[in-house]
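One chain, chain A, links the two complexes that follow: it is found with chain B in the first and with chain C in the second.
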Partner chain A sequence: MLGYYPGCTVRAQKEDGFEQESLAILAALGIKAQELEEWECCGAVYPMAQDEYVGLLASVRALNQTEKEEKDGLLTLCSACYHVLKRVNVRMKNDEEAQKRVGNYLEMDYKGQTEVYHLMEVLRDMVGMNSLKEAVTEPLKNEKIASYYGCLFLRPQKEINLVDGENPQLMEDIVRALGAEPVTYPYSTDCCGSYHTCQEEGVSRQMSLKLVESARRAGATQMITACPLCKYNLEKCQESMEKEEKLPIHYMTVPIVKAMGGMKTLERKGEAHAYSAENSSQSSA
Partner chain B sequence: MTKDVKNQEKSQGQNMVDIYIMGKKYTVPDSLTIMKGFEYAGYTLIRGCGCRAGFCGACSTVYRVAGDHELKVGLACQTKVENDMYLTQIPFYPAHKVQYQLDELQGDTDQLAETFPEITKCVGCNACSNVCPQDIKVMKYIAHAIRGEISKAADESFDCLMCGLCATKCPANILQYKVALLSRRLHSRYLVPGAEHLQDRLKEIEEGKYDAEMDQLMNASREELVDKYNNRDIE
Partner chain C sequence: MKIGVFICWCGSNIKNMVDVERVAEATGKMPHVVYTQDVQYLCSEVGQSDIGNAIDEHQLDRVVIGACSPRMHETTFQQLMNRKGLNPYYVEIANIREHCSWVHTDKAKATVKAIDLVKKAVAKSYYAVPLHAESLPVNKRALVIGGGIAGIQAALDIADAGYPVDLLEKESSIGGKMAQFDKTFPTLDCSACILTPKMVEAATHENITLHTYSELEDVSGYVGNFHVTIRKRATSVDEERCTGCGECVTKCPAKVDNEFDQGHSKRKAIYTLFAQAVPNKPVLDRKNCIYFKTGKCGVCKKICPTDAINYEMEDQLIENDYGAIIVATGFELNEPTHLGEYHYGHHPDVITSLELERMLNASGPTQGKMYRPSNGKEPKRIVFIQCAGSRDRHDGNSYCSKVCCLYTAKHTILLNEKFPDTESYVFYIDVRTAGKNYEEFYERARQMGANYLRGHVSKVEPLGDSDNRLLVRGYDGSLGEQTEIEADLVVLATSIEPQQGAKKLAGMLGISSDRNGFYSEAHAKLKPVETQTQGVYLAGVCQGPKDIPEAVSQASGTAAKAIVLFNRGQVKGVPTTAMVDEELCSGCMQCKPVCPYEAISQEMITERAHGKARQRPVASINRALCQGCGACAGLCRSGAMDIGGFTGRQLLAEVDTL
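Up next is the complex of A and B:
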C-alpha cells in the first residue's frame, strides 16, 4: 500500500479530474494508495537556501508520516509536489546538518528513508508497460500524442533521477502502450515559462507557444503533461485562437482512461481488485 | 516577609507558591487558577477575562516556570498557578479585522484563500498547533483551508475558543482563528442543508407567536423576575 500525497493544486482543482482519474487507473491496475492522514502544502518550490530549514518542514513531515503509517512509499501526481518532496528527501538523506536541525525541531528522526513516486514511475516500475498494454481495451489508433515533461520531472537530473533528462522516453512508452503514436518534437524537455505567467505573462506565453506550435507541426493531435502549471500555460498561450485551431492539452491520465475503457470500466475493475484483495487477505489470515 | 506570610498561611492549611506578575513577586495559595491568583494578588481584571469557565478565550496567558526554558501558554481561568511561575496576560491581540458579508461570499474552494490570502504563506512550522490551549491541530485546518476543503477546516477547528494564541506565534502572520471562524460560517451557510426547525421557529417569531410572553417579561417587576429565575426549569 502506497501513501498518497494529493497536493494543494490537484485537490483544489478537483473538477479537472486528474486526481480521480489517476486513482482510478491505479486501482484498476491493482495498485493501492491511501491518502496520508495528515499533510500540508510542500511549498511548491524547492527551498534553495542552504541555511534556512523551515522550508523543509512540511515535506519532511509528510515523508515521515508515510513511514509512520507503514506505507511502501509516497505517491504524488503533481510535478511540483513530486519535485519538492523528492529533493527534500535527497537532502535529508545526505545533509547531516539538515537531519539534525529539522529532526530537533520536529522531534523526529528522519533520514530520507521514504521513497517518493510519481504516477508515471508507478506505471513503469510497479505495473510495467506490458501489463499496462494488456489492460488497454480500446487502443487509441488515431491519436498522435506529444508528451511534455517540463522542468520539474527532469532537473536536476542527479536528484530527480526519474528519466533520462536529455532524452526521456517514459511518457512516450506509456503512449505506445496505449496504442497511440508518440510524436517526436524537439521541445518536450523545454520550460513552459512557469511562474512568469503571474508577472510577465508575455514571457511564458512565448515560451509555451513555441512548444505547442512545434508539437502541432510534428502532427500531434493532443499534448499530455502531468504538471498543473504547465497545463495552465500551454492552454493559456492558445487563449486567443479559434477553437478548432487549439491543440488540446490533457493530463496524461486522460488518454490512459480512454484506452482502458473509460472511468466506469476502471471503477468496476478497481472494485473487483479491492474485493479479491480483501478475500485473499482474509483467507490468508 | 514573604516567608512569614507563607508560614502563616500554611498554618491555616494553605500551601503557598510564589508567582511573578509582570516581573513582580506575589505569594498566593497553590490551589488557585492563574486568574484567581491575579485577583488574590490585588489585581482587578476588567479586560482579558470573561466567562471564567474555559469557553470564551479571553484570558490567554503566556508563562514560563523558572528553570525551564520553554514558554508555555494557557487559559488563565483554567490553568493552576505553580511555584516560580512568570506570568504575562495577553488581554488583547491587535488582529487585522477582515470585513466580509457572508451573503456575498460563496462556499467554493477559493473563498478562504481569497478572503485571507496570507494563509498560502504557511511555512509548515506548526507553532500554531503547538501553542493551542485546546490542542487543536491548527496547522492541519490551515492546510485544509489552503486547498479549499472548507468543511474539513470547519470540523477540525470546531473546538476553537478564538483566544488568538496561534496568531501570536505565526511567522507568516496568519490569523488562524479568524480563518477557522469563516470556514465554519461558510460551512453552515452554504455547505450543509439549512435546519428546518430553525426556519419554523423564526417564522413563528416573526408572526408574533411569542410577543405576549415577551411583553409580560419586559414589564415584569424585579421581584417577579427574581422569582421566575429562581423557579426556572433546569435541565
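Up next is the complex of A and C:
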C-alpha cells in the first residue's frame, strides 16, 4: 500500500479530474494508495539556499508521516510536489546537517528512508508497460500524442533521476502502450515559462507557444503533461485562438482512461481488485 | 672542513624578494664557513667559475648553494665539483627561489626564511659523506610499446642506429589511429600514403621484431636491465603457414560491426584490421567466431589452402631483456553518450569526427561518399560541434584535446572540395591554431565557405520531420543571440582520452600519470620525453594530446635517449640510495614489504662473536633497483637504514639549526 500525497493544487483543482482519474487507473491496475492521514503543502519550491532549512520542514513531515503509517512509499501526482518531496528526501538522505537541524526542530529522526513515486514511475516500475498494454481495451489508434514533461520532472537530473533528462522516453512509452503514436518534436524538454505567467505573462506565453506550435507542426493531435502549471501555461497561451486552432492539452491520465475503457470501467475494475484483495486477506487470516 | 656559501640572485627572481647580501652575511658566521659570495647568475659560466676560483683560493671542500630548486641545477653544480676533484655529494642546495622568493610577498620575512633555508643546508653539509655511483651494464635492445605512428617512428630511429627493437602492438596490425584517418592537416597529405611506407619499413627492418596482437604481461628490473614478459594472444592463424590469401575472410559466415570503420561497416570473425594491414595476415576473433561459440562451422579451417588455421592455438608468453622501454600507447576517443544534450546514441545522424573521417576516407566503408546513417542520403547541411567533452569541467575533461580545431577545419575543406553544395557550420569556443601553417589552414577553411559560430550548442534534438533531420540550438556569440540550425548531420569533436589500460600499464612500468590519466614526463620543460623511472620514455598522445608532427618528433626524441643509453653502454646508478649498517641491522626484514621497488632482500653475513663465527641474516639493498624513496629508513626500528645524502644525522642537523 502506497501513501498518497494529493498536494494543494491537485486537491484545489479537483474538478478537473486528475486526482480521480489517477487513483482510478492505479486501482484498476491493482495498485493501492491511501491518502496520508495528515498532510500540508510541500513548500511548492525547493529551497535553493544551502542554509535554508525551514523550507524542508513541510515535506519532511509528509515523508515521515508515510513511514509512520507504514506505507511502502509516497505517491504524488503533481510535478511540483514530486520535485520538492523527492529533492527534500535526497537532501535528508545525504546531508547530515539537515538531518540534525530538521530533526531537532520537528523532534523526529528522519534520514530519507521513504521512497517518493510519481504516477508515471508507478506505471513503469510497479505496473510495467506490458501490463498497461494488456489493460488497454480501446487502443488510441488515431491519436498522435506529444508528451511534455516540464522542467520539474527532468532537472536536476542527479537528484530527480526519474528519466533521462535530455531524452526522456517514459511518457512516450506509456503513449505507445496505449496504442497511440508518440510525437517527436523539438523543444520538448524546454521550460513552459512557469511562474512568469503571474508577472511577465508575455515571457511564459512566448515560451509555451513555441512548445505548442512545435508539437502541432510535428503532427500532434493532443499534448499531455503531468504538471498543473505547465497545463495552465500551455492552455493560456492559446487563449486567443479559435477553438479549432487550439491544440488540446490534457493531463496524462486522460488518454490512459480513454484507452482503458473510460472511468466507469476503471471503477468497476478497481472494485473487483479491492474485493479480491479483501477476500484473500480474509482467507489468509 | 672548509665550506663556501654561494647565494644566487637569479637575476631579479630571488634578489627582488630576498636580501641576498644579508643571507650571505648571516650564513658566513656559521662554523666552518670560510667564504661567502652572492652572484647574479650562479648557473652561468661566470657564476660557476666564481665557485671554482673560490674552491681553489680557499681550499673549500664543501659547497653550499642558495638558489633555485635542486631539480633545476643540482647536476650542473655536481659536475663542477667533479671537475674540481671533489665528490659531487659535497654540494648542498637550499631552494630559496621556488620555496621562498617566488611564493612570498614580504621581503623582510622572506629574507629571514632564506637565511634559515641556507643555514639548514650548511648544517646538513657538516655531515655529508662522499658517495659514489655504481656503473651498470646496459642491455642494448629496446622495447617500444604501441605500434602507432609514434611507436613506429621510435622503433625505426633506434633500429637505424643499429640496435635491435621489439615493437609491441595490441591490435592485429601496426598503424594505430593514423591508419583510420583520411587526410592530414595542414597539407592534406593522404594519411595512408605517408603512413603505410613506414609500416612496411618497420615490418621489414632487419633490426625490428614485430609483436602484434600482443600485450605487456609483466615488467621487472631497472634501466639497462628490464625483464619483460609479453603475452602474444592466440590469433588461431599460424603465421608461418599463412600466405595472407584472404580466402578464409571471404568465406567466413560470421559478420560483426567493424570497429576500424567505427561500426559503419561489417567485418568477418576472421579478419585483417584493414586492407593495408601489416602484417597482412588475418586473426580470428574468438568472441564472435561461430566455431568457438557453437562448436560448429570450421569453414576457415576447411578452406585454408595451407592448413594455417589452428583452433587449439594458445596465448604465448615471450620473455625478453631490454635496456630501454618506449611507451607510445596512444589514446582513445571519448564516447559522447554522457553528453545527453547532443543526442549521440539516440539519433543515428549524430556522429563523431572519427566516424566522419572514415566516411570521407576513400578506402572507408562508403569509399569516400557521405551519407546520413538514418536514411543513406547525402547530407546537405552539416553542423560541427567542437569541444564535445573537452574543456568541460562539469561533464567532461577540463583539458583541450588540441587537434580538433584543425581536423574540423580539414573536414570542412574536404567536404567543400568533394561536395561543393554542402554547407558546414562550426560551433566553437576558441579556434586554436598554434602550429606551423595552421592559422593559414583555418583561414582557408573559412574562405572556402565554412560558417564559424562562436558559441556553445545547448541542445541537438530531432526535428520530427519526415526526413528525420536535427535541430541544433546554440548561441551565436558574434550576434549575441540564440541561433537554430536545421541539420542533416551533426558531427561531434570528441575528447581525446588516455587508453583504458593506461593506469595498469603505468603500474607495471613504475611511471606516474597526471590528473587526467596521461603519463607524466619527468620535467614539463626540460625532460619532456623522460619519465621518473630511468630508462622508460614517453612518445605520442599517451603523454598528452598532440598532433602527428609533434608525436613524431617526440618519438624521435625518445629514440635519441635510448640510443645515447645504448652507445654509452653502461649507466651510472644514483648513489642516493638506501644503505644498511649491517652491525645495527637485526634482520627483522620489516623493510622488505614497504619497499615499492622490491630492492630489499635478505642476506646472510658471517660475524665473529665471542671467538666464534656465526651466521646472521641482514637486509641487503639492490642499489640498481632502489630509488631512494626512504620508506625503509623511516621504518627501520634499529636505525640501521639510511639514505645516502639524506642520513638521519644530516636531517637532524638541519632541524637543530632552526
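The criterion applied here is as follows: the second predicted complex is superposed on the first by the 285 of 285 C-alpha atoms of A that agree within 3 Å, B and C clash if a C-alpha of one lies under 4 Å from a C-alpha of the other, contacts with A are read in each partner's own complex, and residues count from 1 in each chain.
The definition used in the following text is that a contact is a pair of C-beta atoms (placed from the backbone, for glycine too) under 8 Å apart; a residue touches a chain by one contact, two chains touch by 3 or more.
Everything quoted here is computed from the prediction, not taken from an experiment.
Visitor: Should the pairing of chain B and chain C on chain A count as a clash or a fit in the superposition?
Guide: Chain B and chain C fit side by side in the superposed model.
Visitor: Touch test for A:A218: chain B only (first), chain C only (second), both, or neither?
Guide: Only chain C; A:A218 stays clear of chain B.
Visitor: Can you pull out the angle centred on chain A between the C-alpha centres of chain B and chain C, to the nearest 10°?
Guide: 120
Visitor: Touching A:A24, do we find chain B (first), chain C (second), both, or neither?
Guide: The answer is neither, since A:A24 touches no partner chain.
Visitor: Now for A:S188: first (chain B), second (chain C), both, or neither, which partner does it touch?
Guide: second
Visitor: Would you sort A:L57 into first (chain B), second (chain C), both or neither based on which partner it touches?
Guide: first
Visitor: Given the touch rule stated above, what does A:R11 touch, chain B (first), chain C (second), both, or neither?
Guide: first
Visitor: Check whether A:C41 is in contact with chain B, with chain C, with both or with neither, and answer first, second, both or neither.
Guide: A:C41: touches chain B, not chain C.
Visitor: First (chain B), second (chain C), both or neither: which does A:G165 touch?
Guide: After superposing on A, A:G165 lies in contact with chain C but is clear of chain B.
Visitor: Nearest approach of chain B to chain C by C-alpha atoms in the superposition, in Å, rounded to an integer.
Guide: Superposed model gives a least chain B-chain C C-alpha distance of 34 Å.
Visitor: Please write out, lowest number first, the residues of chain A touched by both chain B and chain C across the two complexes.
Guide: None.
Visitor: Going by the contact rule set out above, which residues of chain A touch chain C in the complex?
Guide: So the residues of chain A touching chain C come out as 164-167, 183-189, 214, 217-219.
Visitor: Across the complex, what residues on chain A touch chain B?
Guide: Against chain B, chain A makes touches at 6, 8, 11-14, 38-41, 43, 54-55, 57-58, 61, 105-106.
Visitor: Quick check: in the complex, which residue numbers of chain C touch chain A?
Guide: Chain C reaches chain A through residues 340-341, 343, 346, 459, 461-465, 471, 473.
Visitor: Could you pull out which chain B residues touch chain A in their complex?
Guide: Per the stated touch rule, the residues are 109-110, 120, 122-126, 137, 139-140, 142-143, 146-149, 171.
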